[in-house]
Every structure is written in structure tokens, then in C-alpha cells.
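Note that the chains take the letters A, B, C and D in the order they are written out, and that residue 1 is the start of every chain.
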Amino acid sequence: MAEFEPKIVAFVCNWCTYAGADLTGTSRIKYATNVRIVRFPCTGRIDYMLLLKAFGEGADGIIVSGCHPNDCHYTSGNFHARRRWIVFRSLMDFMGIDVRRVHFSWVSAAEGAKWADVVNHAVANIRDLGPYDSYKKLAQNTEREISHG
Amino acid sequence: MDELRNKARELLESGAVQMVIGYEQGTGNKTRAVFVEDPVQVPRLIFDSRCVQNLAVYMTKAEVRKKGKPALVASVPVLRSLIQLAYENQIHDESLVVLGVSPDLKLIEFSNLSEIENYLKQYTLEISIRDKEILQKLENMSADERWQYWTTVLEPCFKCYACRAACPLCYCTQCTVEDNRPQWVPVASHPLGNFEWHIMRAMHMAGRCTDCEACANACPIGIPLNLLTKKIVMDMGKSFGDNGPSLTARNPMSTFRPDDKENFIN
Amino acid sequence: MAQYLIQKSSFEGLFNLLKDSGKTVVAPLLRNGKVIYGATERFADIRTDFIQTAQSVKEVAFPRAETLFGYKKEKDSVILKDFDPSDVPEIVVWGVRPCDAMGMIPLKAIFNWDYKDQLFNARMDRITVIGFSCRNADESCFCTSVGGNPGSTEGSDILFTALGDNGDYLAEVMTPKGMAIVEMNGGLFNETHGTAGKEKYLADVPVKFDREKVRERLMAFFTSDVWLEQSLRCLGCGACAFVCPTCACFDIQDEAHGKNGTRIRCWDSCGFSLFTQHTSGHNPREVQSQRWRQRLLHKFSYMPERLTVYGCTGCGRCSRACPADMNILEHLISIQEVQK
Amino acid sequence: MARIGVFICHCGENIGGTVDCEKVARTVAGYDGVAYSIDYKYMCSDPGQSLIKQAIKEKELTGVVVAACSPRMHEPTFRRACSEAGLNPYLCEMANLREHCSWVHEKSDATTEKAIDLVRMLVEKVKKNHALQTIKVPVTKTALVIGGGIAGIQASLDIANAGHQVVLIDREPSIGGHMSQLSETFPTLDCSQCILTPRMVEVAQHPNITLYTYAELESIEGFIGNFKARIRKKAKSIDEKLCTGCGMCITKCPNKKIPGEFNEGLGTRTAIYVPFPQAVPNKPVIDRLNCTYYTKGKCRVCEKFCPTQAIRFDQEDEIIEIPVGAVVLATGFTVKDTGFFPEYGYGKYRDVITGLQFERLASASGPTFGEIRRPSDGKIPQKIVFVACAGSRDPAKGIPYCSKICCMYTAKHAMLYQHKVHDGESYVFYMDIRAAGKMYEEFVRRAIEEDGVNYIRGRVSRIYEKNGKLIVKGADTLLNAMPVEIEADMVVLATAGVANEGSEELAQKLHVSYDEYGFFSEAHPKLKPVETNTAGIFLTGACQAPKDIPETVSQASAAAAKVAGLFSKDELSREPLIAVVNRSAPPLYSTCVGCFMCATACPYQAIEHEEIRDRKGQLIKTVARVNPGLCQGCGTCVAFCRSKSIDMEGYSHEQMYAEVMALLND
């Protein structure tokens, strides 16, 4: 059978990573097709609920990326985001969400090649992990019959 | 006990407050909140180790506020909640009179909130050894085991929101779960809805939770959902040196340090 | 219908028969330190050491969330997939207290008042209720004040009552569904006549108030201050409604995933401020005291009027579940007594 | 009911060659709410744009998705097209099918599938868009120019001559920068100072220019048109009003042995000094690190002799705050410290010098008054070797990029040497000769053919001293790597041009991005060469990349033109993509509960308290309000607000949610 192709959502900031991904394009660096980019003004804008939504809707992996520390177009959005991810990632892990499926990185507007690496690495990594069945199961089981205690 | 009643009576008679919010004997061995407006009712007031409901929750309830300025019976966890509420602009010095009760059941009077903040310095917020062990046990599990644990534990949750209602810091007039543009969290209490509700609630408590356990005590079906907030409280301490509410220190989630340490971003 | 005697030791055999007959057996189990109903395949898991389960049994007939239908949006049309009654499982509920079994009656009334709710009825048709009389009660119990009693057969297909501690049980078979269970293995049941004086083995639950009197008084209480006095400590959660065997408020939600979606019916509570919130922002029940009033009036005034059945079976769960210790029994008594 | 129009651009073969655009258009046409869907060769072309405008009118579109290149490229183009057709520009979104899809993937079904997903995401997003009006903000018509080299000078003069106020700051005691250190300039060999100093004086005398030397940017806040800059005026230890610049203090200063920065250490200066005779302003400063009074506690000789009592030992740094509307960065470059080339013996052998030092030797105002004399013994070198690419184009040890100016100034140096030392021999080791530019190639040829400079194509491996001579070992790659060894009297290293120290800190202060070498990044390498990613902050000169004088000057004028353009209006329109706190009907008024935790999260102090009162003036509640002038639209508060009471135009909760949903469900 054909190799498993993971669905990966990328939440990126407009000024660094989105621009970096543009540079990957202008440099014609090829990478895997599995990732869909959602553009945010800043990593500070990225709502952790959206990460849950992505998994809930069947994403197998998530990339979150923005400006390197000190490079935020808005001074400190990425610093706030970093704190948020420190807490949220730990909580996800504590609840048994497979944090190996969430790739955080800093990709600047000058790092077109790095973006390609980040994507390819995430895709390879998540392909090895396989489909995120446990979360999909949780999400599909919407009708709540009496459970098996 | 008498100290407390005398003070309550004095406050009511002098008109310093219109109401004393404290505890009375409840059903069976339970205690419950009582709102004493008439000095004659003061003898109903009690305080003992069973009085764990966090009365600070009533400070943001419209119908209670309508009754005028209250005096609030507050043990250490309640005092912490009051400080956090003050930090979040929900109460101020004039909002209430605080009848503090020390762990050894002595009455402590405070003339303002910063006195409470100072008093609390001796009780820095920290997760108990016992709880730490429970958290440790969970952290030692594999991710799959933790997933199993939480999905099973949260499965019976029917979203009565008693946890939210009992929490003094869940005072939003519209909770995110009630926001349907978009519908962030499914209304139904199916597995996904339950999971998202509890993880979101825990995140909203980050840097705010005072570990009073009101949420877990309130749960009619005994879900240990305070393990989530305890985990958060512990992380806040570990990662950002947060050690409980303060009137002045910035909330750890709405501020940052350029050298915050993290090991998962590359 | 008919009475039998059965030995306690035969229950496991009976349980296995039910299980093997392909039915889902739902019984009181221990979860998170509380006894609640759950499906089980192990007789050993069934708990008997409880006054009342934390959660009522209503969930087997009225799940907290159930799909009414699925849909798929096309460019200019919508394809519906209605629920299929044949998907509804055959359920036997084991170990139901009389006050819970009795709760099925108001539920039936609610779901068949004006519109006949097919999904609910389909579930009811496939549910067999095996009741167990109460030998113990606590300060929250008051079934006898609302027309029930610890040995009531109302709502049960079979009711078992322990006759002392020697392991003898009286089985009162009330319906053909109940009889069908007896017929699965007649050998376990020995026919008898009368109820073997079961009353003397039942819990003692004194009558605390007269519900008719309460109902009459409530009419005049709409604008009373008593509601605020009683509910000032109410936190406005839905615990009371969700553990209640008769509360049937629900919300309808569409869960969309692109073109596809499902319409779901899920529990709601008149205790929530959002329950009556209008889009305009106006809320006819603006404060908690009005919602508390609604709760009592609905159970003790509106339902008897419209459905000729009370909305309370005296199980006392709401009092046990309330994080603020709102004790419904106390409040009903005070309604009966206060001079307004 | 939404009526969305989707326009898929082939971008010639750029997208069309990889993505099945026709299929994308067909698939999307089937989506709920899509009223029109079409693919076309070049959407950004005139016919392409009119295709969109026509459809908006004929199909009564309520929203538009253009699936083409990156929105960072053409979003403004298509939004303008929409508004020209009467559709609010903010009802137009772009799907990035080129940079994020066709250019990074091979032609395949998967690539087309991705393209479809990307378009669907934006279709769902645009359904949630709503019309927005641009925000007007006032403009402070004063420009802050940082750096007083030729770039800063040119920019200041152009802006000032356009009639706008300029504040020019330079961290050195005088403006002039590197250009003032140069002897002659290529390709015309006219004297650097002769063309520069008049400009310097013009700056000092210009009514629209306020000059602060010995001053640095402390901090800056605000946004385009409305910055507030805090400038640290370092203590010069003199009262500039009283000082007449007579120079008495300098002649009397006992501390005369300090290596002078202006002469690149080849000459000395005093502790109280003006960097060079033509300095502007021509008033001294005391170098406190070397002044005997500050180091030892006694001396004060200058104070005794100052005829106007202008010395102020107790003077302190002064912080001044000035409102500015735009900032021009002209902080220039520096030459790479040669220490990383031990085999060239810089620092070890006094006669191995840098190009900049050679400029001083060749300069009439230099330590040798223009005669080429070697530092060690002052002898005139008979044989001199120039090493081009000393550090440049050397990924292994130096820097990967080409410093651009070395080829030309090396040719100039060799030429100057030949002109001054007629019987001397000069050699140039080079990798390639890069002489692109008007009269440049001719200039190099002249050096070789008329002045007889010996060009050797090859790298120098080692330089060492042997009985008073500098032995330069290298190879001539044109004579199949035949080893070359030259006994030289002096060696000049064309050391690489690198970013100024502190450039990264400055970039962070200003929130402009910088590249891996510390040079400031332009907003777009071709189309926005003098803008930065931060609106209102512009770039010129070598702080962006090494460049020569003509290029720097033209870039400075370009930046000045941008500033003048910005200042040409009293008000400027800003994108309305900012945060908003929701408002709702009574009794709620807003879901905001006024915890104001968002306020601490806001990097722009844009969150204010708003009191909602009833008709009687009774306070009902206090809620947050976002100041639209200050909010820059980062959205940090939006993600932070627990009750989701703050939302963001253009990136709203509903929009982002819709994108994620659409991305994972068709």
C-alpha cells in the first residue's frame, strides 16, 4: 500500500516564518507537500485552542514557527508565545497528547533553507509516528453512549 | 469561634458591613455558605476544618454584591483568591472587610489588601508533597498511559460546570465555552468536548490558580480535575518562579523574560 | 404481575445470561471514587454498597449527547441521514433504586407530551429496568414525600427486595419485559404469592412534607423573597439538573466539519444563565434566584399541571451533588412553612 | 449569502507549470458560496485585474480570493483592484500558490491537491471577512537620521532641502564617517575631503537640520509618523556655546600619545581632541578614558588655558526626547579585524596594514602628509603588495560575501602608489577583478596598463619577515599555480567590510530585521531596497551591505525621497488590521470583564480603560479599549484574553478558525 501521508498544519507568523517560506519558494528549494500554512500576524496571535482544533479535525502533526527571540516585528509577541508554549506543551504532554507531533521552531525571513528542513523533518518524523489515531478516535466519538467502565 | 462571631456582630451592628459571608452547619456533616444580615443570626456562623468552600467566589456574584458591602470569612486559600481578584481589578480595598482565619483557627483582621499580601508571604503557594507524588506518578507513565488515564477519568464529565461555578477566578460574564462565534469548545459533553473543556480551563488558570481545590470539591462525580491545575501551578513555579498571587507582580502569562528557558524550539 | 423468590447466589448466573443474550448490561460501578452507572461485562464490578448512585439512570434513555441526524451539504442541496432506531442498543439496567426507576415515568411524559420523541421512545422500548429496593436511606432521601417508597415497583420491570440477610430475595415481575427475563432461566426463580411482607425489610424514610400542599402554595409564591433567600449561595452550575432522574432540558447543537455535520441533542439546565439568554442580550431570567424558582416551580407546579406527574422522585441526588449544599428537601419544607 | 469569486493565476509557467490551475478552478467552483471561479495566465496584468473588476460587478461578488503569488508581493495590488471595482479592499484575500506551492513542489496530483486546500482555506476565511476602513494617523514631520557619514549627510540634506526638519546624530565627535578618512576616490581620483567637507559644513549650517554629535540612540517607541526617540548626548566635557574651537586646549594637553582613530592608529592625538582639522562641529571633546584628570584625578591643564572657560569636567550625559515621524538608518560599516589572518602577520609586522590605513598614508591631511611612508621606519617602500579579498569571499575563515569595494580601492591604492613613488613596484594579488560600474573597468585597466601595476591572480598563503623584508608567498593561478614569492617593503590588506559593532542591538531597539552578518535587512531585495520591515524606518549606505560612495549617495537620496513622500501628507492612512475589544447590547455591554491582564501583554501600551456609564452617569463597568493609533496588530492580547473578548481585524477568531476547519475538511 502507499506510504502514509500525514496531514500537517503550520501556524506561522507573517514577518519571519511566512516570509522565510516565501524565500524557500524564491530559492526554488523543494520540500514535502504535506504542510498547509496558516498565516498569523505574529506568534503572539496564535491561540493554543487552534492547535487542539487542528488535532480534533484530524491533523497528524502541527508546526508552530515564528521570529527568533529578539527579532519579533512587534518586539515581544514571540516571547509571549514562547511562555504560552512552555506551559501548553507541558500540559498537553501531561494529558497524554503526543507532543512529538507538535514541532516548534524559529525560522527567520532569511532562513528559506531552514524552513524546508523544518517541514521535511516534521513530515518524516510524523510519517514514522503514523496517523494520530488516538486523537481522531476521541474526536469521532461524538455520540456519547454509556461507556464500558 | 467567639472572636469571629463577636467581630461579625460588631461589624453588622456598627453598619460597617451589610452582610457577613461565612460558614454554617449544612446537611449531614457538610458545612455551607451563610449570608448573615441580621446580628441575631450571627450564632449560625461557625468555622472549622470542614469549611473548605472558597467563599471568595461570592465577591463577583451580582445578587450578593447588590446586598451591599460584605465581610468575608477567609482562610488562607480564600485570602489568596482575594489577592488574585484584586490584581484582576475585580475587588479593591473598599469592596469588603476580610475576616481572616489562620490555619490554627485564630481570627486575623486586615485593614487592607496589601496587609493580606504581606500576611501570605509566610504561606507561599506550593503543591503539597502528597500531590507532587501523585503528579510524579502520572508523569512517570508513558504518554499512552496518560492518554488512557485522562480520557477515562474525564469520560464521565457531563459538563455541569460546577468546577467553573465554584472557582472564584472563573468569573467571566461569558465563558469561552459559551462563545459560539466560533464554537471553540463543543457544547456536548462527548469525549472531545470534555477533553477540550478541561485543557482550556487549566490553561485559563495558568498563573492565576491558587490551588484552593474548590473545583475538585465541587465536582459531583469526583473527577480529580485539580490535578491539571496543580500541574500548571507547579510548572509556573518551575518555569517562571511564580509563587502565588500578588497585587503588583505581573501575571506570568502576560509577561516574559527574554531569557525564558525552553528546550523544544529549534 | 407475578412474584418469585430468588437466591442472591443466583444473581451472577442471571447477569451472565443477560450478558450472553447480547444485551448491554448497565449497572452501578465505581468511577473516580463515586458510584455511577456504566456498562459492564463483569458481575464482580457491580456495586451494591451505596445509598444512591451519584448519577441517575436517565442517561440510558436520554443520553447526555445523542446524534439526531447527520447531514452533508452539497453546492445547492443538503443530504440528511436520520438516526436509525435499529442502531439503538438493547439495554438492561441492573440495580436501579425505586426512586430512579420511578423517574422514567416523568421522562416518558415529557418526551411524549406534545411531540412523540421517536429517539427517546426507541431507547425506552429497548430498556429493561431491574430494580432493587432500598434497605438504607440518608438525610437527603425523601421518596415517601413525593409519592414513592423504598420498595416501590413503579418504573421497574422487575424489582428485587432483599428479605433480610439470609440471601433470599423477592422478585416482583411487573411487565412482559420482566417476565422475559424470568423465562431466560425459570430454574433460578421459585414462584411465590404475595410480597412476603417485604415492607419490614425496607429503609425507613419518614414523610417530610405534603407535595400537594407545596404545589398549592407555590402558585402564590412567584414573587416571594424566599427564592433569593434560598438561592443566594447557589453557584449557578448544572450539577442538580444533570444528576436528576427527571430533568430533561436539552440544547440542540450542530457540529460541522466542512460539508459534513451532525445535529446533536445534549443536556442543558435551567440553572445556567445562558439557558434563557436572548441574542439581544436580554435575559428573562436575569438572576440566579429566578432560575432557582423556575427549577422548583417546574418540578412541583408546571409538570403536575401539564403532565399530571411530578418532576421529583425524592432521590435527593441534587442535594448530595450541590457544591453549595442547596438542600431541596429543606427548601420544600420551608416553602410549606414560611409565612409569606 | 456569500458570493465569493476565486481567481487562479498561472503566473505564466510559475504556477501553471506545476499546478493544474484549471482543475483547481473547477473544484473550487463546486464549493458552497463560490459564485465564480476562473483561472488566467497573469492575474496581476491589466487584463487579469480587469477580469477581477468585471466579475465583481457582474457577479455581485461579496468577497474575492486571488490564488497567485505571496500576499507579501501582490496583496496591495489586488486589494486596490477590488476597491476600484467598488468592493471593500479588505474583502479580498490571497492564496499563496507560488512561493508556498508551485515553486517548492514538483508537478504532481499532491501539489494540485495542496493548491486546492490553500484556496479552500482562503475561501472560508474570506466568508468571515468584513469591510474595513483605513485608519488615519497624524505625521510628525521630523526625521531622525542615525549616522553622519556620507549616507546620513546626503539623506539629511535631501530631507532638509525638501523643507522638513531633520535630527542627525553621530556617535563620533564629528560627522564625516569613513569617507572623510579617504584620500582620493575612484574612479575619478578627486580628493575625498574636497567633495565631502562642503557637505559637512552645509549640514552644520542648514536651518532645518539639528546636529548632535557624540550622541547615540538610547531607545525608541511608537510607530510610523509618531515615534518618540530618546537620544543620549554623551558628555563632551565642554560647553559648546562658550567654546570657540580655538584649539588652545589641544595644544596644551600633556597627554599626546593616544593613537588617533581618524588616522587608524598611524598617528596620535591628545585626550581633548577634534578628530581631524575639518571636523564638524570643529569643537573638541575630552576622551575620558585617556584623560589624565579622569584617570588619575589631577591635571585640568586644558581648563587653565581655555580662554573662554568652556571646559566642564563635571558635565554628565544628557538624555533628550524628540518626537519624529521617520527614521533613516545610516550607521555604515567597519573593516573586519585582521586578527583572524595570523599568516598575514597583521599586528605582528608593522608594515602590514589595512586599506583604510593606506588611505591615511596617501591622504594629504594624513600622518605622512600624503607621502607613502611605511609605519615601521618611515622609509618609502620600493616594493608594495596589495592583497585583495583579505577575508572576503572566504567562507572557511572570513566571510562568504564579496565586500564589493575592495577591487576598486585596491586598484586606486596601487595607482596612487605609482603616482607618488614613480620607481616603485606594486603587486596586486586578486581572485577576480570585479569592476562593474561606470568608468570602473577603465579605471582598473589604467592601473594595469598606464601605471604598470602587476596583477597576480592568486591568493596569498603566507607573509613573514626575513631580514627587513616582508616575504609574500602566493601562487599565480594563471600560470598553473606557479608559486610566487615577493620581497615587499609593505603589504596592504584589502580587509573585508563588515557590519558595525552594535548593529544588532540597534536593530533590536528599532525592531528592524537584520541578516546573519548583522547588516540590516531591506523590506524587499528589489522592490523595497531602502525600506525596512518596520514602517517609517528606512535604510541607506553600508549598514545594509558594503557599497561604494556613488551607490551610497544614490541610496541616501532614495531614502530621503521615501521620507519626503511620507512627510508630504499631514495624515497617513494605516491598515485597519488591529485588535478590538467587543461591544454588545446591555446588560452585558461587552464580554470583557476588565481584568486588564491584556494590558501587560501589549508591547505598545495600546490598551486603555473605558468606563461604561448609564444615563445618570453611574458607572456600570470598566472594560478594556484598544487605542487604534497605538495598536500595531500583533494580536498577542487576542490570544491571551480568556473570554475571547478581544478580536483582531483581518485575523479574527472566526477567520482563523474557519481556515483551520477548511484546511482539514473539504
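FYI, a residue touches a chain if its C-beta (ideal position, glycine included) is under 8 Å from a C-beta of that chain, and two chains touch if they have at least 3 such contacts.
Quick caveat, the model's predicted, so the values are computed rather than measured.
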B-C versus C-D: which interface comes out with more C-beta contact pairs? B-C
Report the chain closest to the protein's overall CA mean, measuring from each chain's own CA mean. A
How far is the middle of subunit A from the middle of subunit C, if each middle is the mean of its Cα atoms, in Å? 45
Based only on mean CA positions, could you tell me how far subunit A sits from subunit D in angstrom? 32
Between subunit C and subunit D, what is the gap in Å from one C-alpha centre to the other? 73
When you check subunit C against every other chain, which residues touch at least two of them? 31, 64-65, 255, 257, 264
Which parts of subunit D, given as residue numbers and ranges, touch two or more other chains? 588, 601, 640, 653, 657, 661, 664-665
Two or more partner chains touched - positions in subunit B: 156, 176, 184, 186, 188-190, 253-255
Quick one: in the complex, what on subunit A touches subunit B? 48-49, 52-53, 56, 69-70, 76, 79-80, 82-99, 104-106, 134, 138-139, 141-144, 147
The residues of subunit B that touch subunit C in their complex are 26-28, 30-35, 53, 57-58, 61-64, 153, 156, 158-162, 164-166, 178, 183, 186-190, 193, 214, 217-218, 220-224
Which residues of subunit B touch subunit A in the complex? 138-139, 143-151, 155-156, 176, 184-186, 188-192, 195-196, 199-200, 202-203, 206, 228, 231-232, 235-236, 239-240, 252-258, 260, 262, 264-266
Touching residues (chain side subunit D, partner subunit A) in the complex: 70-73, 96, 98-100, 103-106, 108, 110-111, 113-114, 117-118, 121, 508, 511, 513, 515-516, 521, 533-534, 577, 601, 603-604, 632-636, 638-640, 648, 650-651, 653, 656-657, 659-661, 663-665
Show me the residue ranges of subunit D that touch subunit B in the complex, using the header's touch definition. 588, 591, 593-601, 622, 640, 642-645, 653-654, 657-658
